[in-house]
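In the two complexes below, subunit A is the common chain; its partner is subunit B in one and subunit C in the other.
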Partner chain A sequence: MENVEKKLREEAKRLLSEKKVDVVVGYEAGTLPLTATPCFITTPEETERLVWNPFCVQNLGKFVHDLLNQHHEAQKRVKPEARRKKVVGVVTRGCTSRSLVIQLQEKQYEREEVVILGVPCGGYVDRKKLSALTGGEEIREGSLQDGRISARTWNGEHQAVLKELLADNCLTCRFNRPVLADIEMGEAATAAEAEREYEAVRAFENLPAEERWAYFEKEMAKCIRCCACRNVCPSCYCRICFAEQSQPQWIGIGSDPSDTQLFQLMRMYHMVGRCVDCGSCVAVCPMGVDLRKFLKKLDSDAFELFGHRAGVALEEPAPLGAYRENDREDFIFDPKSGA
Partner chain B sequence: MEKRVIRKETLAGIVGELAGKMRVCAPMKAEDEVLFRVLEAGEKPLIEFANAKNAPKNFLFPRTETLLKFTRTGKGMVFAGDQKDGGETLLFGVRPCDARSFTLLDMLFDQEKYRDPYYLDKREKATVVALGCVRPPYTTCFCTSVGGAPLSSEGVDILLTDLGEAYLAEFLTPKGEALREAFGGTPAGEAEEKQKETIATQAAEEIRSRIPAREIKPILDARFEDPFWNTLHQKCLACGTCTYLCPTCHCFDISDEVKRADGIRIRNWDSCMFPMFTKETLGHNPRPSQKERWRQRVMHKFRYYVDNFGAIACVGCGRCVMACPVNLDIRKVVADIAKL
Partner chain C sequence: MEKVMTEKQSAKGWEPKIIAIVCNWCTYAGADLAGISRIQYPPNVRIVRVPCTGRINPFYILKALQEGADGVLVSGCHPGECHYITGNLTARRKFAALKRFLSYIGLEGDRTLFTWVSASEGDRFAQVVRGVTDAVRALGPAQKLVKRI
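Entry: the complex of A and B
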């Protein structure tokens, strides 16, 4: 990890010094123990702040999209001859690279507007698992050494093997290297148990419909509609989200459960074949809603019905964004025949 | 003011019993979190906890509340009040920072010119029992930087201080006095008072997180257009978690929900972090990006509230620091502004 971090800083520094990029989006140490936070580096000197470790959680694809989108908008107000290109460098692991592929497929920006700094990834730490380790006690100090995490609270020292604290999506991830990169650093990380990817989905599918619905209702009841899930999602970039439209108003602003359920259902259905299972929505949810349970089912449908994995290759667009004559359609007329 | 000593093991039971007589809101374990909620009769509240994840403001200023009802009739609109009366309420286990937040909210909702009857009705019926912090609950606590203290009695009706074997209970207001009998205990002496003072000094020293909250006021006065604001917000997800958990944030939105001839007017929490917050009917938004929204959040807390009411609109509870999904730490923001 240290080597990757060192190389990352060097490459970022070089790119900024040579003016190959305007900004590098990466991670820096957070202000709380055992955290990292997104950062935006614009000068070669600041590159020393960059870190790469298992506390780097969010998919940075969201920021790449926003930076370039804002730049494109601002350029519209500039005379054509004075317009300039902006290039964003981005620290990219497997899931982030797939998000960039989706954004490129959906023509959000040009390939030359991003410089992809590929890093190997062995997964990131789930804050909720970390919190469970300390029994909800505040972590006052913490460290990661030789694959072991230790966290000190008022009640003493808590220790765990890193792997036990990794987020669920990381445990079955098959993308330990980026699928697309301009500069790659470090050796491939240890592969996760990819063959178990859909185990949890299968188990959930086998429950009676009433139980599945009850679970959905229970999880949705936690949602406070802060929309952090939507806002962190690299695939959720509509200029005006349906949730915020007022003519017509799709979603009421009160606390009626059906409004929350509708918001989440609509958002999920926009994710079919576009969700890279980066887990960012789950990681940022302040209420701990189990969104992945439902998103992973849609991901599994996209794979089983269309043989599609989101953002794996530039030339393979999402099934709902492309038309093929031999597309399956039996499940539309007879829902039971499909997945 | 009466001071009494209450045996430690009896406290939860006393509150549980009160829950049968009045509405009692207290911190309770909920899955992995500690959250304020209304107790059932006889249910015992948590006594040992850091702080609740949500602020108790919800009981005075609910997340969503009906203001009035209306019906369209042949003779025009008919309006009716629809205020729910929660009755006398005991807010138990409030930390002194959160109790202080009530006095900050009073400044806004209880002004000479504008009085908010919905808030004030609940406020008048609420008795605040605070559990003083004999040691700071979190490393992120910074109450002493914004005018508070671990054993502050601002906004408190009954202040409880953990003396080890027992609690010192100070009945600070008439509302608190009214509950003296229910809390029982024995009269406190000078020894207990002295012990409390020592604890207060120690606890305040233990608060290591310090921010230049007052010092940035003149900087904010002069730096509305500073380039600092251009990058501050970059990682913000605009989720508003900071504002929802904040004990002092109080912005709201009013909306009508209508079904056929009947409708209700509801008031909901809103947040300056949301893109829709200042969007005007014609489509224009005077705060078009997260830059302006973050500037507003900082300005409101550390400049405008000071101008309007002479107090910083932050009690230093540290909830926003701990809950922000991207670790946009207000302590660092304030420290960075101080360097401008």
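Entry: the complex of A and C
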């Protein structure tokens, strides 16, 4: 990891001093021990702040979209001859690169507007698992060495193997390298157990419908509709989200459980073939809603029904914006056979 | 339990309420044909006419269920016969994913039904409505995802 970090800073410095990019979106050390936080680097000197470690959680694709989108909007008010391009450099792991591919597929910006600094990724630490390790106590100091995490709280020292604290989505990740990169650094990270990717989905599918509904209801009852999942999701970028739309008002503003269920259902449904399983929504959810169980199903369906894996190929259109003449039709109601 | 439920339903005289979202060019004309041919079908469907199945936001379906529909039927032109060439082909993908997802979370599969009825198939339209009404009637009143205010 050390040399990746060094290389990353060098590359970022070079890009910024050569004015190849206007800003580098990356991670810096967080204010608390064992954390990292997204940051925006605009000068070559600042590149020393960049870090790359298993505490870098958030999918940076969101910021790339936001920065470029804001820039495009601002340029509309500029005389055509004075318009300029903005180029964003972005520290990119596997899932982030897939988000960028999705945004590029959906023509949100041009390929020249991003410079992708590809880094290998072996997964990130799930804050909730870390907090469970320390029994919810505040971490005063922490370190990561040779794949072992140690966290010191007021009452003692806690230790764990890094792999035990990795987020669920990282454990079954099949994209340890970015799918798209301008500059790649470091050696490939150790692969995860990708063959177990849909294990939880299959297990859930085999439960009786009533149990599945009860689980869905229970999980959605936790949701306070803070929309953090939507705000952090790189695939959620509508200017006006249905959740806030008032004409028509899709989602009631009251506390009725069905409104929350509908909000989550619809947000998740938007992710058919667009969810890269980066786990950002799960990481930011303050209520610990098990979103992944449902999102993973959509991912598996998109693959099963349309042979589409989210954000893998630039040329491939979004699955719900395309069709094949021989798409599956087994769900079509036939009045003769009954169902 | 089941007996109590059926008693309750019959006491209230429950009839399934089905929203049929149909495309203007095929199924709506098919329904019209059923009408002018005087083919009987259950009066449980409320027809909503849209230009094309491709125009249907899947949210319409969920919203109908939330607002008290016991079932939703979506019907459009047969694949390859779309007035807008490919509207129903993209719709087919949307609905395939939606139906699967709804079953996954535990909603009864027969509450949301998709089919194709062309303008010349008045008979088929009546059959579909009969089939859908029977299917929804067998499920009983919608309990899940319903707003209770």
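Annotations for the structure displayed:
Methods note: the second predicted complex is superposed on the first by the 331 of 339 C-alpha atoms of A that agree within 3 Å, B and C clash if a C-alpha of one lies under 4 Å from a C-alpha of the other, contacts with A are read in each partner's own complex, and residues count from 1 in each chain.
The definition used in the following text is that a contact is a pair of C-beta atoms (placed from the backbone, for glycine too) under 8 Å apart; a residue touches a chain by one contact, two chains touch by 3 or more.
Everything quoted here is computed from the prediction, not taken from an experiment.
In the superposition on chain A, A:G252 makes contact with both subunit B and subunit C. Applying the stated contact rule after C-alpha superposition, one finds that A:S131 touches subunit B and leaves subunit C untouched. More residues of subunit A are touched by C (comparison of subunit B with subunit C).
In the superposition on chain A, A:M268 contacts subunit C only, with no contact to subunit B. Touch criterion met: A:F331 reaches subunit C, while subunit B stays clear of it. Of the two partner chains placed around the shared chain by superposition, neither subunit B nor subunit C is touched by A:E197.
In the overlay built on the shared chain, the residue A:E113 is in contact with neither subunit B nor subunit C. Residue overlap on subunit A between the subunit B contacts of one complex and the subunit C contacts of the other covers 252, 254.
Subunit A makes touch with subunit B in their complex at residues 30-32, 35, 37-40, 58, 63, 70, 128, 131-132, 136-138, 140, 224, 226-228, 231-232, 244, 252-255, 283-286, 288. Those residues of subunit B that touch subunit A in the shared complex are 31-34, 50, 63-64, 137-140, 231, 234-235, 237-241, 244-245, 253, 255, 257, 266, 268, 275-276, 289, 321-323, 325-329, 331-332.
Interface residues of subunit A, counted against subunit C in their complex, comprise 204-205, 209-216, 242, 250, 252, 254, 256, 258-259, 261-262, 265-266, 268-269, 272, 294, 297-298, 301-302, 305-306, 319-325, 327-329, 331-336, 338-339. Looking at the complex, you find that subunit C touches subunit A at residues 58-59, 62-63, 66, 73, 79-80, 86, 89-90, 92-101, 103-110, 113-116, 124, 127-128, 130-132, 135, 144-149.
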